[in-house]
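Each chain carries a letter (A, B, C and D) given by its place in the written order, and its residues are counted from 1.
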Amino acid sequence: MCRWAAYRGNPLYLEELVSSPAHSLIEQSHCASRAKTATNGDGFGIAWYGDHAEPGRYRDILPAWSDCNLRSLARQIRSPLFLAHVRAATNGGTRRDNCHPFVFGPWSFMHNGQIAGFDKIRRKMEAQLSDELFNARTGTTDSELLFLLALQMGMAEDPVGAVGRAIAEVERLSAEASDTTLVRFTAAFSDGRSLFAIRYATDHKPPTLYAAPMGGEGGYCLVSEPLNDDVDAWTEIPDGSAVMVSDDGLATSVFRPAGLAVAA
Amino acid sequence: MCRWAAYRGNPLYLEELVSSPAHSLIEQSHCASRAKTATNGDGFGIAWYGDHAEPGRYRDILPAWSDCNLRSLARQIRSPLFLAHVRAATNGGTRRDNCHPFVFGPWSFMHNGQIAGFDKIRRKMEAQLSDELFNARTGTTDSELLFLLALQMGMAEDPVGAVGRAIAEVERLSAEASDTTLVRFTAAFSDGRSLFAIRYATDHKPPTLYAAPMGGEGGYCLVSEPLNDDVDAWTEIPDGSAVMVSDDGLATSVFRPAGLAVAA
Amino acid sequence: MCRWAAYRGNPLYLEELVSSPAHSLIEQSHCASRAKTATNGDGFGIAWYGDHAEPGRYRDILPAWSDCNLRSLARQIRSPLFLAHVRAATNGGTRRDNCHPFVFGPWSFMHNGQIAGFDKIRRKMEAQLSDELFNARTGTTDSELLFLLALQMGMAEDPVGAVGRAIAEVERLSAEASDTTLVRFTAAFSDGRSLFAIRYATDHKPPTLYAAPMGGEGGYCLVSEPLNDDVDAWTEIPDGSAVMVSDDGLATSVFRPAGLAVAA
Amino acid sequence: MCRWAAYRGNPLYLEELVSSPAHSLIEQSHCASRAKTATNGDGFGIAWYGDHAEPGRYRDILPAWSDCNLRSLARQIRSPLFLAHVRAATNGGTRRDNCHPFVFGPWSFMHNGQIAGFDKIRRKMEAQLSDELFNARTGTTDSELLFLLALQMGMAEDPVGAVGRAIAEVERLSAEASDTTLVRFTAAFSDGRSLFAIRYATDHKPPTLYAAPMGGEGGYCLVSEPLNDDVDAWTEIPDGSAVMVSDDGLATSVFRPAGLAVAA
């Protein structure tokens, strides 16, 4: 399983989540204490929002713990909204194009989870993309394709709904292709204004998702696993939830894959 | 433009073509004297046949001239049949999966050239692949897709014919998609027994292709550009030709894209 | 020869020098028109000053033209003082630790040039470093060692003078070790407040150095070669000069290696 | 701690130790079951003897488990004598030059262990090297420097004795520099004819070392940890031992750091 952290609030140096804390994302990736897979050495990435509408991004295939560039960037860059991810490969080889976060225009997206039988439905997922979104695909992961499918299904107008429609479509294609359908999905994504996260699984065993206030009034950090041992600080977000962090603080709602998949 | 060299004959250390000569592939890639593009610093690859049916392969994204691993491997590995390629990117980012040679089962393939308007026909080319060949695609280049399309069209039974059918299909799709059709193609490929090469272009301006005897009786080297200044040693293969190097030596024949594209 | 650009003035996005102009550093590195060596594909680096005393830094060994991370960072990062460098290796293998700029505390340093016979004097140069500076050496280039030697000789108090003493010491050691002494040196360096550059060679054939106003009042860009064809915009800095860009604008003075080399 | 495996016997494909077994070196590096450090994701290397006196070598900084080149090379290369290493960094950054095995002429060397207080004695160790050996140093690890020091102290004539003298010198320098001396050393090395290994620690807690017959008559495999669960197959080599595998099979002797350090 991958690990990730996301933040929205007053500008924060990335290092506060990525490299500084006793249980920062980098230390977690090196010496996993609760991880289900052995390690997270298959690359990492950060996306942050600054002066432009589209996010900056830095990804590399080294283990996060040995990348001097990452430490220097995390120390210099301060942002009110950013995503950070360390990867343990399930689908797709170890290369930059397969490292999260994925970006498209103002959107960024990162994911921890899996689509069982992805190889059987990959082509049908790709077939639903517009030429523009199809050509934007540079890697081979299920995560990137799920992101592009959500963009296709109207992420710009209705972010959480579009992800719901994309997952519903994945479930429909999986059911067609095989007897069992298994989607586990814990993701964070942003358009540069709000920060969204979703926790969901067809078998009700989704990867974990936690939230904690951070960085002063209205600021929140969302993580795949708590970044420190202060257990009380972190609230677990239940299975089947969508989270939105905006100027109004954090709001959660019920999430379920929804309705007909209608191409935007 | 990329550069490449291929060899079939008595076992030869790879370094004799890759790193040793005054005008080896590595030196060519660093300090191009006849190149049309400025440099060939976008990665390299070698594929060689040894004890197994499928070739060994080593690719990396560093410039070939600065890769110590390549020098050591080229010095140690001796093979009766190998391909070597240095890349100047046209389509597809700089990453290992986009470096030639591409391999599938016993086949290896490398290419110098271009398909104009590739973005417009990429999806239609991919749609013709079997699931197995579609899933074998790990990069984003036109070259890899052309190779997979030729495999789809019967490379195993009729190597040159299958490449001809693949190019004919590309030309058909290009004509559909736009007014002009431009394919330039100089490639080498092998099944581990014979070495094949093709030089062809719709506008009769294909990248160059040369052959020279090498490595004792019946051995030949095929190159995109002569590896040294001994001009008389190298025979230019004309536009519209297919070359086969086998136990019977080198044979050339007329090449033209052919017939109906029939999925195997 | 390497290429570099440095800027001090009103905050500027790095991309304006690194990737945007018709003749940006990246394009220069890919398709050199005036270069003496064939290409600059042996890595690159940027150092910029932001909120902290020490600079941020990003280096990698890919050719600059194929690094997506560099393009994204150069687009997002805005700084009043930065250095950018693309490398054509002379001494030292292709690896991150050999990429410029080098940094130590608040100092950054990048260089274009050479010390003839460096292998013969390397140990004697290293012997003059304090343990702290010796242990700060992570690469194998002459440039990094010259920078550390200048730090040893008082860069903090007298930047240009310390470089002069370091070069004088190199010349003394070279004369001891062989009949001929050849140092060519065009470098830029900064402590995060002022931007310095020096052009000097024992044989009066130093690599070129140009300056041009940029980015509004008092801002200047220093480059190893003009970044565009607007020849009139760039002033060539003569051999044997030191340049300082500060709040008072650009000032040049005579530079010569000086005095006794006194270890700090 | 690092992990390694070495083999001498009838020619064996490297994959049999590197990637094939249920508990191969690659799987060990990914999902360590007995490891003291969390993971071995800081690079890897192989050195093998073929047709030339000097070994071939392939190193890279990716985690071994995600390197397609390594899998292909290990499948193709067959050798009667080879070393393979996966790294968990203690001293020295993650880069190719710090990956084991180190090579010099016909010699190869890899190590698992540590020199406490290495920073304090590094300069004095380097000072004992000839110019040729000093210039051969390209990385920053204690392991590489220990190897060069052993070469300096007569490895060619007396391999195990030279390592003993090098370790004695390290202990002497450590005692000079601080109150406590701690050297832990489990290494394998070869000149292309015999395979040597040493297990030793000043505190009698050296990293483990095991041996097992392999590959037919007279062949042996030496490993830092057993490669499979067939516990009876592996013999633990005791603390304070030297091992030599040659045409006469495996011989062990007492090892202790010895005598005066005499520069060759």
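Heads up, the rule we're going with is that a residue touches a chain if its C-beta (ideal position, glycine included) is under 8 Å from a C-beta of that chain, and two chains touch if they have at least 3 such contacts.
Keep in mind the model is a prediction, meaning the values are calculated, not measured.
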item	value
B-D, B-C or C-D - pair sharing over half of the A-D contact pairs	B-C
Pair of chains joined by more contacts [C-beta pairs], A-B or A-C	A-C
Intercentroid distance (Cα basis), subunit B paired with subunit A, Å	39
For subunit A, residues that touch 2 or more chains besides their own	68, 93, 96
Graph class of chain-chain contacts, one of line, ring, star, complete, other	complete
Touch list for subunit B against partner subunit D, complex	48, 50-52, 56-60, 68-69, 72-73, 75-78, 96
Contacting residues of subunit C [partner subunit B, same complex]	30-32, 37-39, 41-42, 61-63, 66-68, 89, 93-94
Residues of subunit C touching subunit D in the complex	93, 95-97, 119, 122-123, 131, 134-135, 138, 140
